[in-house]
């Protein structure tokens, strides 16, 4: 079974969910459209950009994807105009949580994969998986002048990225292959994330 | 008509205006000379540095310009000592506004130009023009622990950078050439910026 | 006399002291383990990472040192668990001050050395020495949502890094050689830092 169209779909939906969370944070802080677009862009592409700068991979992932840039621009524009017209935000609800969780799993697997391909030590590859999945949100919170939410009592967000990275690392050399390992990582990370959200599970220390 | 000496002059004055805005923000926050110099440096060179890291262009622009580093150091030193002696800052006045606006236009054109030369898609090149012109100020505000002013109700700052990038992009392949397109971009961006400052125009959303 | 084992020891102890200061700041801010580890990692490796990105040196220094990553992980884990159990932090005391001061001197010398080897102008090399020694702490404070402490009234922290960089730069071409110049830089920077801490000396402007 070819999983790559499914994974491309998850990528697109995950980028959309990440971008939307950037707009929502920016608007909560009273930013204008420029701030909303920047926050959306950083959340969507910041983690992958940092990973690629660290690993010296060029061109950066979004440089070759003007379609994604345009999509993030449209998300920021529509949400900003809507907010200006009726004061409403697309508040993260159940659907956005699910898309965000799927993106979290995919980006942790993809980050680990890219690092391993670059010849990184497995321990470094796991760090890169977590960075790819989570640092977009860290940058979003830094420009919103907040302590990054994943460093406070978030519901296992970074822990789920860590789980996704480890699952991918362990399974990629099995019969599951690249796509199968990614799918398993997405399932594990997204499953734990949604469980943690539902039962409000946080790290004990 | 050879415009390059004029453009070099605008570059030097723009860097000076950017550095001064860094010192002023740092001193408002009670920083010492180390903070003032760092803020000045980040404001003056941060946008170009980020652009070059993203596009993998090395050496970075300021690496080869010790004269500019020394100039930024002197600006920070003189303004800090003056502030310590009589509590006064070189508050951004009309002249600094004009120099800053000219720098804004030039750096947006230069950022777009560099990105296009690197083979970037026009949409990416416009993003790079805006990043070059504005992210120095974003980094300044981040280390000053403020929400970046261009994300709040600033008077079309980023919008003027966007205008400069687009004007440059459209005109560079015309008979105006590189320098003519840069001059037009500077005029458009600086003109709109000074108009927005005078009439306190902000984005409606 | 071969000084390199001594310098390797100082490097390890300095990284440990830097990592510990990251954990302490994170815990003061109420962060969980993810935040504590990230703050420890940024403090320990952030300065060297920024230097290497600026100078385009790859792989980054920590990419090839999984042992150091594991050590920083353990420091963050032990300090976080201890904090959770009895509410105590390894507050920076006299010993940590000394290790931190030695690390400050070493990293300023090492940063200057790396930049000179990359062919940088001496003025750029001094900036890189200061960046290497101090920007880990800057990044720590940024994600902790504080104005970086070295930009406020810290006891000559960045000034000591500047002294270390200059001492190294002046002595490396003398009979002292690389290791001797590094040792002198460490002694000068750490000595001034401990003196400034003891007598609470801050910059006058």
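As written, the chain order gives the labels A, B and C, with residue 1 at the start of each chain.
Going forward, a contact is a pair of C-beta atoms (placed from the backbone, for glycine too) under 8 Å apart; a residue touches a chain by one contact, two chains touch by 3 or more.
Quick caveat: nothing in here was measured; it's all calculated off a predicted structure.
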**Report entry** Shared interface partners, meaning chains that touch chain A and chain B
**Finding:** C
Query raised in the report: Given that chain A is a copy of chain C, what angle of rotation, in degrees and a multiple of 5, matches their CA positions?
Result: 120
Requested in this report: Averaged over CA atoms, how far is the centre of chain B from the centre of chain C? Could you give it in whole Å?
Outcome: 31
Report summary line: Check: chain B positions touching at least 2 other chains come out as 53, 142, 145
Query raised in the report: Once bound in the complex, which stretches of chain C touch chain A?
Result: 26, 29-35, 38-39, 49, 53, 58-60, 62-64, 66, 69-70, 80-81, 83-84, 142-145
Report task. Spell out the residues on chain C that touch chain B in their complex, using ranges where they run on. Result -> 53-56, 120-121, 123-124, 127, 138, 142, 145-148, 150-153, 157-159, 202-205
